[in-house]
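Here chain A shows up in two complexes: once beside chain B, once beside chain C.
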Partner chain A sequence: MEKKLRNFNITGMLFILPAILIVILLLIYPIFSSIYFSLTTKNLIRPFYDFVWFENFKFVLTNPDFYKAFVNSIKWTFFSIVGQLFVGFSAALALNRIPRFTGIYRTLLIIPWAFPAIVIAFSWKYILNDVYGFLPNLLTQLGITSSNINFLANPDLVFIVVVLINIWFGAPLFMVNILSALKTIPSEQYEAAQMDGASPLQVFWHITIRHVRVVIGLLLVLRTIWIFNNFDILYLITGGGPSDNTTTLPIFAYKVGWGMKQLGVASAITVILLLFLLGICFLYFKLLDKWERDDR
Partner chain B sequence: MNKKLFVLFLLILSLVITACGKEDDTSNQGSSGEFDGEITVWHSFTQGPRMEFMQSAADAFMEEHPKVKIKIETFAWPEFYTKWTTGIQSGQVPDVSTALPNHVVELIDVDALVPLNDVIDNIGRDRFYEAPLQEGTIDSDNFSIPLYSHAQVMWYRKDLLEEAGLEVPKTWEELFETAKALNNPPNLYGLSVPMGSGDMMATRFLNFYVRSAGETLLTEDGKANLTSKSAIDGINYWVKMYNETSPEGSVNYTVLDQANLYYQGKSAFDFNSGFQIGGVETNSPQLVDQIDAAPMPKINESDPDNGIETSNIPVVVWKNSKHPEIAKAFVESLYEKEEYIEFLHSVPAGMLPALKDIAEDPMFLDEPTIQKFDNAVKIISEAVDKGTAIGMENGPSLQSGIITSQSVIEKMFQDIVLNSVPVEEAAEKAEKELNDLFDMLSR
Partner chain C sequence: MVGRNKLSTALTYVYLTILAIVSVFPLIWIALSSIKSSGEMANYPLSFFPKEVTFEYYTRVLNDLSFTVNIKNSLLVSFSATVITIVVSSLGAYGIVRFFPKAGKKMTKVLITTYMFPPILLAVPYSIIIVSIGLVNTWTGLVITYLSFSIPYAIWMLIGFFQTVPIEIEEAAKVDGAGKMRTFLQVALPVVAPGMVATAIYTFINTWNEFLFALLLINSSEKMPISVALYSLTGSEILDWGEMMAASMIVILPSIIFFMIIQNKIAGGLSDGSVK
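Up next, the complex of A and B:
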């Protein structure tokens, strides 16, 4: 105990105290205020509210729109992540093979990340517009479609289209990070595997994947949280429609919180969202730990 | 006992001093009777000339009252709403602002505004139209003053009708037949029916039909009306119009998408106020001579002229204001004849006067666009006089905000056209959803 106290560095603590306070203010406070308001009738503009304990959770969990939004969120996250990983990984493998101008290709491929969400959303809305849009008119002129299709108004297509836009937007992040990990793989390992007669698939699985899986795991954790919580691109492109086909949980929470001004109910939705994401992250980190132990 | 009395005396004395201090704090006029203080004005006029007018009005007021400072802040309507809803929580609200009628109702509900009866009386109560004043009136307290008005009317393309030898439609059925006859996608659509869930356009269109039948989307007891015969007929009508004359993508259209289609010359008919002129002028100047307005269609030509939808954009003074007298004086200054007409002319034919005498004043009427579109201005002025904001036909209510902001009617239309839900079933579901949302207001 005495040794522990002796090792306690007060000066060091004082240096990191401001950072700790900022973290508490910026991270902990919003979480606790959300939890607190989820138990109240907090309204966006009315000054007074009452405690209703778990009434808001009951309201949310018995609301069919919540489940529709929840399923949409899971579909949106799953297909976006799988698509981004596939495209990003493929692009990284291709770039890793190119001996020259890798930097230029990498810069070109990262361009989607350089655009603000509002630019991306309005550009795609314009490209896909069935009256003036470039793509529907091109498809009609090429004879592929008999009349202009509106990709964002068709309930069978809209979800696929927004997921594809999200893949286009998010794949570069996977590409850049996986490419960096690929560059760290010692070429001797590939040479040794070749000499041992390993098949390309075995080489890919036992060397390439093994070296990049921790990076991929971390990317999956981060992107799952970001995509599940993503609001701007989806809302700006579709507004959650048509007919709630693209309403995810953040959009649902926004509509309840800002549209209905029911901040208490919106907070309950975000608390449920938080618990769900914590559960997912727990599983991811378990897997990451296992991979890291295996690597050691 | 004496000690207790002494403490009580001190307490009362401190309260008196505090009260006096507060009086001093909120005093707007110095010993000379001159205004003294700083006020913040929020407005939503993001376009050049209107924005410039607000600044010049503030400059003129500051010149007249040298000890007053006016800080002008401009926000587009969606941002504006976010600003004040969050501002109310933190106390960061302005002294004066523009608002939409639905905002005014919500602000009255949370006791955020001061009555402006004295300002209205100073300007001249008789000079205002009655309906716009009523939109911000609770128990004879006027919480808002209409700054300008506009109303929804039918816009059409004269050249297209002439080429096809068709008349300007007067009934809904005639409109359908004419729009269908002109429909030639993808070059031209007869009439776009917007249903985007990020806006209130489908609610607006349904309201046109229901109001023309003499009914309202909100009943007198504040319930939603989507299942009456007129409402069901209206839903069927717009679904039919969507299927026959509208771009498929209009299921996602918001107000801007809808207006753009007409501005680009891609639709033969549209509904809008006089702001339509400026939009066409900017986007397709070659079409300006080909557009005109007509009164809203009716179910039968002989039906009475029921007021449809008027938008009265008001100004309000916030209760949080430290200088309410300065704020009120500034509001009053906006209605000085010459300056007011200059303001209205910044969007000619788009912003119509809230004052009856100005509407007939030669100085207001003597403007090139207003003269060129005199027929449209006359039709819009007549419509302004009779209509109200959607859901405010029976006076201001919080329900009117819900019916236009929650996209329930938009989703109902989307369910019908995209998921083939039967009209009656979709209408019943949407009506119940709206009534449930109204019940939530009391939480």
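Up next, the complex of A and C:
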């Protein structure tokens, strides 16, 4: 019996061993090595470096460019996530109540999700181009603007535009997941509520929201992290410009690490980024745990 | 009451139609622009549909700019990463579900946490390590870094699928004298096959679309995956808009087709409770 039990665990270990090795080698070890490099003067090209304790962190935390990037990151994440949730949730509710063509609409609405970052950038840069672009020309033809606007070079407009593009890209993920959660709500609950004479708003709040809030909470956690960390969409559309107006923390770290070759400082920036995300997630998960307890 | 219902249903359709147009427009615009003649693209006012259809951008992109090489690179890298990911992750996910169900919950939490690691954070040690082991500018190096994000996600998806395999059919196999590995290969795997295909496709799309690691680790143009190869030519006056649209069309097609195939599978994940 004892031998059998041990056998059992050895086979089990063999199954998960490759995965554990990869997680340790590709995720755990690099994180610690990043923390180590953040305490050094590691350079992209020069082979030698010194250990300088928290000098990089001091340098970063007293740098106004860091705070600008930090604020940009928060703005970029907050407005994108709110917009994605709003569009995704409303689209899911709409798809859930129409009697016909649900499949076709769902398929069409999911398309932005399949866009690779390079194609998001190419297509929107072309649509928004001030000379050949569809949108600036359309606005001028309709008489809304007197001459073609250069959306991506205008420091006042560029942020709104990239956030809207990000909402366009990310809303389908919210929609698909919320829709599949909506489908699990038993219809008897709606019927019972109607019999009790509940108002549509009450039904929405007490039945719909209550059923999907855990899924929405999880989506918010995962997508907040993803958008906060996102590098390629923004970098490929704007390169962080004009005048660093769309430089978020990942782009800032890239510019410092690979543009200025200071990998040590770049590591310090990314370590701060990770600590901030861990803090946010801690708060999110506390709230989610509470919701899940309430649901039981 | 019925009238009001009809009106609100009609408004719902209007809303969805607007969303659908905005969602699809860039794809349609890429497709139409990629076959318009260059004269027509610079015309005022802009014409929506091409008056004459041309495929010159496609031939130029594929032949003169030799993007076929980069497409092959992308296929090779994504395919290798997907195969390794699926093998490692299905073993791992099955192992967690069958042998360590309790510890598995903690492991899933660890996996979700790895989702939090910013790619740019991993990029620093990766670029140092990959150089030091001599894998810079190689597909092997790139595939290794892709496993960092594809394996945790694939395990996470697959755990959900393996949980749906009834333990009874595995026990029946055991009674018949099948070993652990045979039970896994011949009993559990066939049940989760559709889920595995979906996971594989999702992995393929994610690696096909990846940009940052490829940008940092590959710098010779004949080794570049397609996304970085395209990026390296932007702003250099080599690519004009028509060629960019033709190239975009080529890059996006596999993604779109695969997405259509698995669109019902990627939805379930969060609400099936595999995350909790």
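By definition in this document, the second predicted complex is superposed on the first by the 286 of 296 C-alpha atoms of A that agree within 3 Å, B and C clash if a C-alpha of one lies under 4 Å from a C-alpha of the other, contacts with A are read in each partner's own complex, and residues count from 1 in each chain.
Basically, contacts are C-beta pairs under 8 Å (C-beta built on N, C-alpha and C of every residue); 3 or more make two chains touch, one makes a residue touch a chain.
Since this is a predicted model, take the numbers as computed values, not measurements.
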{"item": "Touched partner set for A:155, first chain B, second chain C, both or neither", "value": "first"}
{"item": "Touching partner for A:240 - first (chain B), second (chain C), both, neither", "value": "first"}
{"item": "Touched partner set for A:194, first chain B, second chain C, both or neither", "value": "neither"}
{"item": "Contacts of A:47 with chain B and chain C, given as first, second, both or neither", "value": "first"}
{"item": "Touching partner for A:202 - first (chain B), second (chain C), both, neither", "value": "neither"}
{"item": "Partner chain in contact with A:145 - chain B first, chain C second, else both or neither", "value": "neither"}
{"item": "Touched chain A residues, chain B compared with chain C", "value": "C"}
{"item": "Partner chain(s) touched by A:130 [first = chain B, second = chain C, both, neither]", "value": "first"}
{"item": "Intersection of the chain A residues that touch chain B with those that touch chain C", "value": "44, 129, 132, 137, 258"}
{"item": "Footprint of chain C on chain A - complex, ascending", "value": "8-9, 11-16, 18-20, 22-23, 26-27, 29-31, 33-34, 37, 42, 44, 87, 90-91, 94-95, 97-99, 105-120, 122-124, 126-127, 129, 132, 134, 137-138, 141, 168, 172, 176-177, 179-181, 184, 214-215, 218-219, 222, 225-226, 228-229, 231-232, 236, 250, 253-254, 257-258, 263, 266-267, 270-271, 273-274, 277-278, 281, 292"}
{"item": "Chain A partner contacts - residues on chain C that touch it in the complex", "value": "9, 12-13, 15-16, 19-20, 22-27, 29-30, 33, 41-42, 44-46, 87-89, 91-92, 94-96, 98-100, 107, 110-111, 114-129, 144-145, 147-148, 151-152, 155, 180-181, 184, 205, 208-209, 211-212, 216, 227, 230-231, 241, 244-245, 247-248, 251-252, 255-256, 258-260, 263, 266-271, 275-276"}
{"item": "Footprint of chain B on chain A - complex, ascending", "value": "41, 43-47, 129-132, 137, 140, 147-150, 152-155, 238-244, 255, 258-262"}
{"item": "Complex contacts: residues of chain B adjacent to chain A", "value": "82, 85-86, 88-89, 106, 109-110, 112, 185-186, 189, 195-198, 247-252, 254, 261, 264, 266, 402, 405-407, 410-411, 414-415, 418-419, 437, 440, 443"}
